[in-house]
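What follows are several structures.
Two complexes follow with subunit A in common, the first pairing it with subunit B and the second with subunit C.
Here is the complex of A and B:
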């Protein structure tokens, strides 16, 4: 059986014990180097050993518990998805979702970690796997081809754990599919079965991985017994291999970075790519706030998100609403969102709160981040008002995991209004809950909390409109520059004036459009067949942000800050319009 | 007054910088241009160390040579806990055994690095194979140590100068074309060394992340 880089067989590539928390194991299978790491939630990641940024080995990176940090430029990649969550050279920006390292399938079973060169066949345990309480031996790496190792293993002899000093045991060998053999040793009445696997590291390198069918009473003596015998086998095999011409190393093809990653992206991202999720849990997390846990339909993880990100939820009544993800880093098996029960509302959150039940399937968008979190601040202040806790809870959990300093101030009407308390209790950082403060006391508390600005301090705020105004005004009064004040509105309370008429030239699309009163730029672009991204369509979320090349913008959104608005270089096409007769947009 | 005659890229000098950082010993540095200047063979340096080798440490007028001997000196003098260089006979013998292994690692792994990086005339294949032979034994020793709850090269539940002496040229082995892929227990041990409070890096040696809490 010649080795092939396209072999879909699952091989053991590490022992479970090789992967303590916060370690990155350096593995290899069929010529492909692997970075293997266990996240704090126990999940084992098997990734191509190459940061897609500059190709540096991820096995010398830092396992931060839920993200792997490349040693070279500090790019962080999420547990499970290998999606990029943070780029230190662009601390204020959200990395594109497409930046994802190559992953390989991984299963942890019988004390070993298994992987395969591709996902062509599902993992299946070896024959008889359910008949043992498997005990992993010390792996034996050796410089010999897998076929030769396999042939030699058929003649490997050992003693049952209970008869180490008995006369030499009788051996029976039963080859198993792939590079594996079941060996049974009989010494008098004592009997022991073991399975030995050969991991083909490369054409001329292998690892022998053995499992005993029982955990021996004297573990150390049995481990040493096999270690000595396998070492002898290794010495013999390596001597023989050294006499043969060395086989050529396997030549796995490394996928090039995809065209979409290596070129400038198209400006237009189609709207409406949705994925289905099932409501796994629905619960009242606080008075008037319902928690929803949304899980993937199959067992696969959900797409990568960054702290501050939101998803569009498509509701049964046709409405689309945005909700922030509250998750901590690397938690991709489900998203947890918080929904405020609104008695009066038009029916978005009301539908979710009242009619959606556990087990229901909902369509959601991929996560989108218009509220990115910097990780280079010396001080990070998180200010949450009511349901505004949701993005800030995620931020606090990320900062916690990276051991970065922060303080979370959570303003609520009363103790019963504190949402996600069980998650707040787990935070290591400074969490202060301010209960039932009158508006002026909120203002003074915010002022005291912020204090005078100094370099590398950032504040993030999410909550009701008046609270955001207070924070922004207070921060400005205390000398905080606008780029240090990050905010996210739930909605745009401003009355939109859509009375103007003007002309829009789309520079990249070579189109000129007339915008009549009563219609938005976004609507007219869509009427003319353009595919442009949007989400909230009320000037709050930032998804339709567009570069302005010429003309004067009539800003009507709550996403941009004042200096961004004054710069006249960008706008939200869902609500904002023109003061000049003509706008030129980079679309 | 402590002065280290130091070459920035020398793993043997780094051993002393590392232990002095851990033990918070302040020191001055006299740079010695080992490569390309070969100042360690200059007359002024040979007066300090007739063997013409780095590092040399001057401490209160005493001139000390040999990185392993200086590690022992620093630990005995500046570590009031006595944990870094224990003197009970069995542990002392164990520590000195690994100091000797550290010299073997220098003769192989460091030699491969000097050959590839600084054009020294060594038989590359031979020194690489020599390093692999040591690393195999070391990996086995550390693997069985993990099975018995021993995190370090020697028996005490605390690192010793043996760990400091062996660490640099293990970590720099890849600069000599010696992969550590086949030595997972060594790789885990290097994580532990890099998490010792007071740990400092040198060129080619990266920090480890925090341990899980």
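Here is the complex of A and C:
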């Protein structure tokens, strides 16, 4: 069996004991270097050992528990997805592009970590795996090709753990699929089975990893027994290998990054695809606020998000609504959102609160971030009002995990209105809850909290409109510059200026339309028989997002973030217009 | 042995500091996969030739030296070439200013290609992570917008208006400040930076890195400082620069692939990497293939 970089076989690549808290283990399989690390939630990550930015090994990076941080430029990659969540050189930007490191499949079982060069075959335990209480031996690395090691292992002899000093045991060998063998030792009435696996590190290097079928009483004596015998095997194999011509090293290649990632500037058109999620849990987290936990189908992890990000939820009644993700770093098995129960109106939230049940499947967008969190502040103030806690809870959890200085002020009407209290309680000493303050007291509390501005201080606010205005005015009065005050709109409260007149050329439809003042591009397109998707029609939901090929856009939406607007490559046809006399759209 | 492209062959290549080359005694080194021997003659002029069994420390028999390679002295270093080098080295006019402290700061072996080391020299984003509490410190990690151009007239990459917040930008600095840099790449394997001088805000300190490509994946970094600093001793200034470089070495040696990939799709650039992108394009356009992975097709 010749080694191949495209071999789909699962091999053990590390012992569970190689992954202690916050460590990154440097592994290798079939010539590929691997960065192997365990997150604080127990998940084992097996990634290509290379940061996509400048090729530095991630095995010298820092395991922060939920994210892996590259040593060179501090880029952060999320547990499970390996998606980049933060680029410190540009702290004000959300990484718009989906920068994702290469991952390999990983399973932890029997005291070993298993991986494969690709995902072509699912993990299947070795035959008879469920019959033992498996005990992992110490690995034995050696400079010999896997085939030669495999052949030699068929003749490996050892003593049962309960008969270490008995006369030499009788051995039986049964080769197993892949590079593995089951060996059974009989010494009188004592018997022990062991499985030995050969991990092909490269064409000329291997690691022997053994499992005993029982955990011995005297672990050290048994480990020493096998170490001594495997060491003799190693000496012999390495001597033989040195006499043979060395096999050519395996030549794994690095995948190329997408064209989108390789070009600058880094503006990606945020045309999200939707994915299905299942409502795993629905509960009342506070008076008038319902929590929803949305999990991936088939236990797959969800896409990488950044603190402050939101998802669009496609509702059963056809509406699309935005909800912030409350998750902490590296939590990608489900998104938790909070929905305000509105009593009046036909709002989307009412549909979610009243008709969607646990077990229902919903379509959501990939996460988008119009509310990026800078992590280069010496002080971060988070101000939440009511349901506005949701994005700030996520921010607080990211800052908390990285031990960055922050405080979270949460303004609520009463104690019963505090949502996600179990998560807030984990942010020890950082959360200040202000209950039942009259409006003017909210103002003075905000002023006291903010204080005078100094370098590298930032405030993030999410809450009802009046609170937002109070924070903006108070901050301005205290000398906080605009770029230090961050907020997000879910509703477009701006007055739309529809006074301009201009021409729109639809490149793919080969049509030229005149847009008069008082009418939107969307309306004129519809008047001319075009079917174009839209939802909120107030520049907040992103449904009518369109690629701009020529012309200068007069952005009036709240969906695109500042860098996306500056790129002049896309627009919302429901509210935005032209500054130039003519626009060319990809429709 | 790897083929050497014509551009690289015709360049001046640095091999050693002049004042570390004792006259009349053989020194040896490796340049572009080839063994060299060198020394200085009685007039203290450098002499470089292809090594033919000489050992380091041998007394030189000048009569026995066959073909001598071209030699030029510049910025305290000996430079040679395997081809037809230009008449002069690239200019660093500040070096001639009388009141500057000019010094070589050592030659440090690196298990990485020369272009990777140049790119690291141009990079500000790593300051808080690699030169923590000296050239940068978290949380001040932002690389602000700067300008890059390839000067056709001088055939060099030029990055200007580069600014970074530094806790201790130079030995003579006592508190944090936003430091302004200018970077030049006047030679495919050399770079010069100019940074605000803490002692005199009308002048700039100059630090240069000259890479000696030994193989495609190994080089030696020769450092030059030309400082306006009336207080620090040469030893202190050297030690500061060696500390900085000692921090870069382990990062550079963990970079893969070791040759600099010129295909834009091999790595993921961000706006802060504008100068590196310009440098990669410039190498590509020049036709440099030594120490790089050229773009296919």
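The rule is short, and it goes like this: the second predicted complex is superposed on the first by the 478 of 587 C-alpha atoms of A that agree within 3 Å, B and C clash if a C-alpha of one lies under 4 Å from a C-alpha of the other, contacts with A are read in each partner's own complex, and residues count from 1 in each chain.
Convention: a contact is a pair of C-beta atoms (placed from the backbone, for glycine too) under 8 Å apart; a residue touches a chain by one contact, two chains touch by 3 or more.
These numbers were taken from a predicted model, which means no experiment stands behind them.
When the two structures are aligned on the shared chain, A:555 is found in touch with neither subunit B nor subunit C. In the superposed model, A:60 makes contact with both subunit B and subunit C. In the superposition on chain A, A:227 contacts subunit B only, with no contact to subunit C.
In the superposition on chain A, contact is made by A:52 with subunit C only, not with subunit B. Of the two partners subunit B and subunit C, more subunit A residues are in touch with C. Touch criterion not met for A:76: it reaches neither subunit B nor subunit C. Of the two partner chains placed by superposition, only subunit B is touched by A:219; subunit C is not. In the overlay built on the shared chain, the residue A:88 is in contact with subunit C alone; subunit B does not reach it. By the touch criterion stated above, A:21 is placed in contact with subunit B alone, subunit C being left untouched. Shared contact residues of subunit A, touching subunit B in one structure and subunit C in the other: 33, 60, 71.
Residues 14, 17-18, 20-23, 25-28, 33, 40, 60, 62-65, 69, 71, 138-139, 141, 219-220, 223-224, 227, 403 of subunit A touch subunit B in their complex. Put simply, subunit B touches subunit A in their complex at residues 140, 143-144, 146-148, 180-182, 184, 187-188, 191, 206-212. Residue ranges of subunit C in contact with subunit A, taken from their complex: 119, 124-126, 128-130, 138-143, 250-251, 254-257, 261, 263-272, 274, 277.
Taken together, the subunit A residues at the contact with subunit C in this complex read 33, 49-50, 52-57, 60, 71-74, 87-92, 99, 254, 256-259, 261-266, 375-378, 404, 456.
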